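Same chain, two partners: chain A is paired with chain B first, then with chain C.
Moving on to the complex of A and B:
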C-alpha cells in the first residue's frame, strides 16, 4: 500500500528507502555518526553497511533526534546524522523546537517519509493528509530544511548539508517497500561498538 | 526560594558544585521553581551546556547521546516529568547507559494542588520499576553529598540514579517572578 500521495508534494518523486540510505552512506567520508531511529529506517541503515559510527536505536520510538543532539553537542567537530521515519518524528515533534533553539552546526536530520506506520500495517500517519514535516521544521527554527525532489537532488542536499553549518533537515518521500533485512538487536553491543567507532570507549 | 526554605545551607549551590566537580558537561531541564537556582548556576558555568527541553523524555535521550559522545549529563525535572520518561527509560536499561537525574518533588508535603498528588505519590515505585535507583533528600545539608553519591554510582556503574529533592526541602510552592 502506498499512502504517500499528499497534495503538497506536487511533482516530488517517491523514492526508495534502501536506495536513498545507500546514497547517504556513500557520502559519509568523515566518520560522521549516524543515529538510526526504530523501524524499517533502522533496518535499511543496517543493510546499507554496518559502520561502527552507526547507533541503532531499536526501542524508544521518537528520540533518535535528541540522542543525535547529545552526540552533536559532545562532539562539535563531528558531523552527526539523525535518521527518522515520519511516524517517529511525529511522536516527538517538539524535539525540533529544542534543536531549533540550540542550532547545533553539526547536526543533520534525515526523515524518511512514507506517510504511514509501515511496520504495523501501513496505517496512514498525519503526513499522509495534513502535515508537511519540512514546514514544521522550518517553523521550529531549522531554516535549512528541504524536501528532496529526486535522487540527484537528495545527493546534492546531503553533500551541501554535510559541508555547511546546520542544523539541517532533509525529508524524502519514500515508497511502501519493506526493509531489505533487519538489524541485530543486542543493545549493549550496539552501544559499545558505536562508542569505539567514535573513540569514546576503549 | 522563599522564607520557609531559608537554611544556612545553600543546597542548590551545593548540588551545582558537585555537578561541576563530577565533570557534568550537559545539563538539560524542564524548568521547575525548585530547580530555578540550580539552573541559573549551571547557566553561569562555562563548562556546562544547558539544554532547555520541551519534555523530560527528550532529556533521557539527550543524556544517552551525551554519553555516546563522551560527555556526562544531568537531567533536572519536576516529579510530574517522571511519568513522561517511562518508555524512554527502556533505552537506558537495555543499553546500560548511566543516567543522573535530579527530581524536585510535588504532590507531597504541604502540596496545595491535588492534581499534583497522583503522580507525586508514585514517583519512587515508578522509577524503581524502570530500574532507576532512588536517593531521597529531606534535609538541605544532605543534598550535595547525596548527589555526589548518585553521580558516583551512575557514572561509575553505568546505572540510572534519581535524586529526589523532597517538597519539605524545597518549601511551599511560590511562583517565581522575573
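Moving on to the complex of A and C:
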C-alpha cells in the first residue's frame, strides 16, 4: 500500500528505509555519529549494523535532530547525522528554525518520509497531503535541503553532504513497511557505548 | 560568603556554572531570567543559544553532554511543564546530568491564574521522577546549593532542578 503520491513528490521514487539506511551506513568512513529517532528509524539503524557511534532514541519523539545538534555543537570536527521520520520531524518542526539559525557545518538530517505514522497504525501525516519538508527546511535557513530522486541520487547526496559544510537535509520518500527488527532496549548501555564510540577523534 | 552576598544572584549563578565547566547555556526566555541570559550571551567562553521549545533545549543539552560538553537548560515554570515526557523517556533513563534552572512563576504574588495552576504541577512531576530538586530562596545559600547540586548531578549522572524562588530573584509582579 503506497499512499505516498502527492504533487510535491513528482516522479521521486519510493524507496525503502532499511535499504536506504544501509546505503547511508556504507558511506560513513569517518566515525560519524548517527542519532536514530523514535521507532522505525532507530530500529533499522540497529539492523544496519551496531556501530558504536550510533545512538538509539527509545522515546522522546521528535528529539533526534536536537540531540544530533547537541553532539554537533560539542564536537565540531565530527560529522553528525540525525535519522528522523516525517511524523517525528513535524512534532518538533521548530528545531529546523534553530538549526537554520545556528548553521552547524557538521550536521546532516535524513528524513524518512513515508507520509504516515507507520508504527502507530499508519495514520497519514501532513506530508501525505500538502507539506513538503524540504521546502520547510529551506525556508527555515537550511539552504542545502534536497529530495533524493532514487537510490543513486541518494548515495550521491549523502557523499556530497558529508564532504561539504552544512547544515544539510536529505528527504527520502519511503514505502509503508515497518522496520526489519528492533533495538535492544537498555538506555544506559546505549548511552555508554555511544559516548565511548565518539570519545576518540573523528 | 560576604563577597558572594554583595553580588546579585545572576552573577553568582553564572560564576558557579563557569567553575563547574558548564560550556553550553540554552534557554527559552523568561523575564526574571533576563539578567542571567544577558551575562551568558556576553560570556565569549559560553555557547549561549535560544531554543524554540524547552524540550528541544533538553535534547540539545543531552546530545552535547554525550559529546563532552556540559550544558544547562534555563526556563520558566510553564516551560518545565512541557518537558515531563522528554525527562521520563530520555534524561532520566539514559542517566544524563541535565542541569535545569527554573525561574519560578505562579506563587508568592502571582497575578495570572494559569501560571499559578502550572506551578502546582512542577514539584509533583519532579518528585514522581525522583529528580533531585532544590528551591533556592536566599542569596547567601545560592552558591553552595548550586555548586554542590551541579557536582552531584555530574558525579551521579542524574538530572537536577534548581528552582529560583521569587524570594531570591524578586519574581515578576503585577504593575497597574
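As a working rule, the second predicted complex is superposed on the first by the 198 of 202 C-alpha atoms of A that agree within 3 Å, B and C clash if a C-alpha of one lies under 4 Å from a C-alpha of the other, contacts with A are read in each partner's own complex, and residues count from 1 in each chain.
To be clear about the criterion, a contact is a pair of C-beta atoms (placed from the backbone, for glycine too) under 8 Å apart; a residue touches a chain by one contact, two chains touch by 3 or more.
Since the structure is predicted, the reported quantities are computational estimates derived from the model, not experimental observations.
**Student:** State whether chain B and chain C clash or fit side by side on chain A once the two structures are superposed.
**Tutor:** Partners clash after overlay.
**Student:** Name the contact category of A:200: first (chain B only), second (chain C only), both, or neither.
**Tutor:** In the superposition, A:200 touches chain B alone.
**Student:** Which partner does A:59 reach: the first (chain B), the second (chain C), both, or neither?
**Tutor:** Both partners, chain B and chain C.
**Student:** From the superposed pair, tell me which chain A residues show up as contacts to chain B and also as contacts to chain C.
**Tutor:** Looking at chain A, the two contact sets intersect at 33, 35, 55, 57, 59-61, 63, 65-75, 92, 94-95, 97-98, 102, 187-188, 190-191, 194-195, 198-199.
**Student:** Give the list of chain A residues in touch with chain B in this complex.
**Tutor:** Per the stated touch rule, the residues are 33, 35, 55, 57, 59-61, 63, 65-75, 92, 94-95, 97-98, 101-102, 187-188, 190-191, 194-195, 198-200.
**Student:** Of all residues in chain A, which touch chain C in the complex?
**Tutor:** Within the complex, chain A touches chain C at residues 33, 35, 55, 57-63, 65-75, 78, 92, 94-95, 97-98, 102, 187-188, 190-191, 194-195, 198-199.
**Student:** Using the touch rule from the top, collect the residues of chain B that touch chain A in their complex.
**Tutor:** Touching chain A: residues 25-26, 49, 51-55, 57-71, 73, 87-88, 90-91, 94-97 of chain B.
**Student:** Can you list the chain C residues touching chain A in their complex?
**Tutor:** Counting only chain C, the residues touching chain A are 24, 47, 49-53, 55-69, 71, 85-86, 88-90, 93-96.
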